[in-house]
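Consider the two complexes below, in which chain A is the common component and chain B and chain C are the respective partners.
What follows is the complex of A and B.
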């Protein structure tokens, strides 16, 4: 048994363990600890794999970057896990099952990140999606949560159906479902190329739904608003990262680029997402909806990278540079987003921008952290978000994708408006209406805040350490 | 024994990494002073001690490298940023040039700090003062030690920022803030040019490391290469020169320096002697090889220096304010350095920079002591007869003025003499004459300043005596102002000048007698009560007025730039461009409304959106 499957096995054992303990005796603390221990062990086993030689099997691929991305996922989940105990305690529900679902979703995403075959990809996706349905509809008494759960269930089913249809068509064409065989075009292809393209479009449709890209973005705001806070955080990070990695892996095989229409469609969706996402956020008052819209725009920016493999690289940049760019951007965005959510989890009663009025004068640490994160999302220099965007823009400039770049610039400018508005609200003099007396700062939360500040500023100021790590990893 | 010591030096090895401490010490101390509020004694200890320790380390380096000519010491904090081909290290580079610079900065800087403890004793913002001062010194050290242009630029901007903070130190007075703004904005014009120059250099040469840049430039723009390469070298040099001109207060960006007197006097000493204005000279000296590729740019440097030195010297003749006289004299002396740089004598320019740092620091500090003693009076015609009352101040003033006037056997004499000699070597006779005339005027106004302040009838009784620390600083600085006769050997090796042509008798003796004659003339006019009296003829009066305003540059710039700009602002009150952006805003709102319309919360439209995507995409495929 190869070391590479160890993380998944650890997670499965953790799931079984927590299920057993749950059936014997309900205890929140134990469930919390089992979950944390499992995550820690998984991280350790992933950490051991970094830098080791990879292997590829029929179903899974473990190249240099896979364990690294999985580790990032695990770190993100753990950062949410840290605050889960307090947050669940305040929730008027049974608590232990949340960890179970969380672990299952994590397992699904790990499988997706490592998948090398449509089957493994689909299994991972379904495992994750179904767990998310449970996570979204976790609070049974809240109407909005239930509504969101149903929406997610049905829409996921539609998306899965589309993807299955696409896979079937591809199977018809190639007679195989392995990603590697996608590049063997024409070997067994008997159908006209537009059929293949149609299949690809169906798969893209499903993926764009998961990534909430225009025009399949409508659900995301309702979900973020309706789902419990921790679930929204997971939805924004875990599910999107996993889906994006799969898409990126398929695209970097190079086959799909040969269809000019696909490139055009992805470019159009990227541009539309950047613009529509930011326009939606412009006057949005609800913080969670705001984050949902901003995530539409951010994944629009990321789509640029998908197109890079299509155009030839110039001499100025090395070929690993786009890998570096995509990983840096993903990590920067994920950490920033997790940061935002963990700040929001520390003040559960705050829902809208108005509620934030004068926060700085009551809880300066929280306000400064949130302000930094907003700057990072907007891509202001000296934050990690800036460096991510910098890499992205540099790669795109190098490939002379002027249309996408101009959309990115316009989108960023619009985005700046609502990010800065959040900061402005916090600095405003308190109006007496917003009540922060219920806010209690825990040591946990404080430490997390400092960690976030350190990461956002540290990697924004000294990006070299991190980018070099990615570079060595992506060279293999 | 002594000769032995001097020629071979001590066999002492000190670790290279000590180099990093030199800028780091003042920087850390500055940070501490900004964030912590220790008792006053600790503030003094930190502020003065950090620069003192840096000076000691610089001294150690001097001792260990004594007698050597060809040395390079590198130390660094490692990589700062790497973006593909652009690799920037946080590294320091010490050679003969930077060794001279750090010795001046830390040495003179230390005495200015020491002096400040007395001068600023009663100020309520004592801690803020030392925080800025330390930051200033540290930024300047980074500037001269940087091994790449970007790090140099960091120091460069740090110096700019700190000078802004210090000139406007007494921020409650609006005039001081205006002076600080002026200094910042004027130097910014040059900095912009320099930044563009750096971009261009990186674009052309592919590196920002200073040493690599020189070799690369020589390889790419070698003499005799095509015309295009040559003009590119000229363009780069001129852009760098723009930065140098701004920082060093040379024509046409010179008029911020006289106003920069608004800060505390020790700050002026620091700006004029050790930091800030020497940065431009350093920049050009550092890039000597680059500049030598472009004779045109070199000539422009020489020309800027000559014009500035004459202009500032003439302006200094008629000022009343003791600090303004000194300010114009600084501009004029830096002009000499630029002239020397322009004729290809970098080592001599840096030699003059060194002697100038000593005597100008001495002059400013004694001027500070003087002002401190006489009710904060600046007008020299309200002083007089202070020789007996303030002997130490008078002595230091005398030495400073003598060195400024380059009387024989003072440090200023040797450095200025070498500059004149090098100008002859370069064959620019017309520039030589201009420099000699400048030397005459310099000696004349130095004499005027000294005689008016210290001789004659006492106008007002001094009410303070300078503190002990102030006296110590003055007395120590007298020594190098007289005895800094020797040009550092390493400089000559680093920047070999032109071969000597030999001087004619006139060229040899005229510069020696010029200052003496000028001083005698000044003394004669002083005895005739000419200084400070009303001028009879209106023509002379208007000339006097013109000179006093520094050739009216403020007036010219005000009418050439400020007023047209204000006028443009006025006619554009409603902001034509804003109208465009209003529309943008409306469009954005409209778009927001439009796209929000789809967020209707209905599951059926949401699932329709998925189908819509597929339909649209497939119809695209079909229609194509």
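What follows is the complex of A and C.
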């Protein structure tokens, strides 16, 4: 038993502990602390693995980049955890189970990120999605929460059925479920090659549901609006990051990009997601729906990276550059998004853009934090979001993907408009209708705001240290 | 022995019936049943692949998918009961509070 399984084992023990304490005595504080302690220990054990030599087993792969991505996941979850206590206290439900489901979802995403076999991928995915159904439908007495729960259940079940169908077809074709074996298989299968293409399309379809890319994006805004706020934050970060990492890993398997149909489909989905996501965001007044549409667009941008394998490389960038671009973009986007959600969790009564009118004159720290985060989402220089986008554009230019680049530019310009509108609302003179008297600033929240400002501006202005770290890891 | 093509087509046909059920049915209970049909189509294909290639991976996947189907239905029925208590109907079209 190597050290690599330690984080998962620590999480499992934490789950068991919190389950035991829950059944003995309900106490919100204890559940909160157990959850936090478990997350902290898991982070420590992951931190020890960074820079160590990796190992690959039949079911899991622990290369240089896996522990880093897992650590990022854990940091995101902990940033949400910091605010959970106050947020759950205000919620009129039983509170302790939320931590249990949160830990299980985290465990599922850790398994997914490290998976090297369709079986482990499938188990991690289901552990995560079933926990998420509970998290989404947590405040089931509200109609909205219930509706979002039912929608998420159907959506995730259809997505996993599609992915399973794809796996079954690939299994019939090649007789193996392991990523390693699949990447070694050539074009020789038991059935003609259209069967392989069908299987890949099924898997991609399921993934597009999970990442809510364009043809499969219909319910994502409903989910973000209806689910409890902390769950929306987790849905936008945890579940999407894990799904994207797996998609990215399996897309480089075998020779998927030699099938022209697959490349066309992914390119079309990427362009459609960038344009449709940003257009729909433009029409939104509700902040959470706006974030949902912006996340569609952002994952559209990320899909560009998937296509890089298909086009010939030119000489002036190293071969690991696309890995660096993916990791940098994901990290930048996740930190920004978790920042936005934690600001929103500090002011739970604010739902629409009008509610924000004049926030700057009442709570300057909150307003400045939110404004910086919006700039980062839009990709304005000196924020971390700009560096992520810079990496992405540089890689795409290097591979001469002009169609995708023009969609990216048009999408970003449209996006700029609605991100800036949020900032405009906040610095308008207060109209007396918005009531911010209910907003109480907690020390936790204040500290978190400063941390977010530090991360977004610090890494945006001085990205060198961070990008060097990622570079060493992806060479690893 | 039956040709592997027939099994593939049978499974895809079952899967399409399931997809049609999910899209067309309005009753939550029937949507859950259709999801089961989809999963069973997948299971059939896994078993076929397992016996065709002579390795046990597919049968293990069958056991795992069986577990998934059971837990999904457990969660789903929980939501069904909750929904029936509040709305006294299982029509998913009634769930339309969230509109942008």
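Couple of notes before you dig in:
To be clear about the criterion, the second predicted complex is superposed on the first by the 471 of 476 C-alpha atoms of A that agree within 3 Å, B and C clash if a C-alpha of one lies under 4 Å from a C-alpha of the other, contacts with A are read in each partner's own complex, and residues count from 1 in each chain.
In the analysis below, a contact is a pair of C-beta atoms (placed from the backbone, for glycine too) under 8 Å apart; a residue touches a chain by one contact, two chains touch by 3 or more.
Everything numeric here is computed off the predicted structure, so don't read it as measured data.
In the superposition on chain A, contact of A:258 is made with neither chain B nor chain C. Residue contacts after overlaying the shared chain place A:176 against chain C, while chain B stays out of touching range.
Once the two complexes are overlaid on the shared chain, A:164 sits against chain C while remaining clear of chain B.
Judged by the touch definition given at the top, the superposed model places A:55 against neither chain B nor chain C.
Touch criterion not met for A:472: it reaches neither chain B nor chain C.
In the superposition on chain A, contact of A:225 is made with chain C only, not with chain B. In the superposed model, A:151 makes contact with both chain B and chain C. In the superposed pair of complexes, A:406 makes contact with neither chain B nor chain C. Judged by the touch definition given at the top, the superposed model places A:204 against chain B, while chain C stays out of reach.
Chain A residues 150-151, 154, 158, 221-222, 283 lie at the interface with chain B in one structure and with chain C in the other. Those residues of chain C that touch chain A in the shared complex are 4-5, 8, 11, 15, 18-19, 22, 28, 31, 35, 38-39, 41-42, 45-46, 48-49, 52-53, 55, 57-58, 60-61, 64-65, 68, 71-72, 75-76, 79, 82-83, 86, 92, 95-98, 100.
The part of chain A that touches chain B in the complex is made up of residues 150-151, 154-155, 158-159, 162, 194, 197-198, 201-202, 204-205, 208-209, 215-219, 221-222, 261, 264-265, 275-276, 279-280, 282-283, 316-318, 321, 394, 414, 462-464, 467-468. Within the complex formed with chain A, the chain B residues making contact are 79-85, 588-589, 591-592, 594-596, 598-599, 601, 603, 605-607, 609-614, 616-618, 620-622, 624. On the chain A side of its complex with chain C, the touching residues are 118-119, 122-123, 126, 130, 133-134, 137, 140-141, 143-144, 146-151, 153-154, 157-158, 160-161, 164-165, 167-169, 171-172, 175-177, 190-191, 195, 221-222, 225-226, 283-284, 286, 289.
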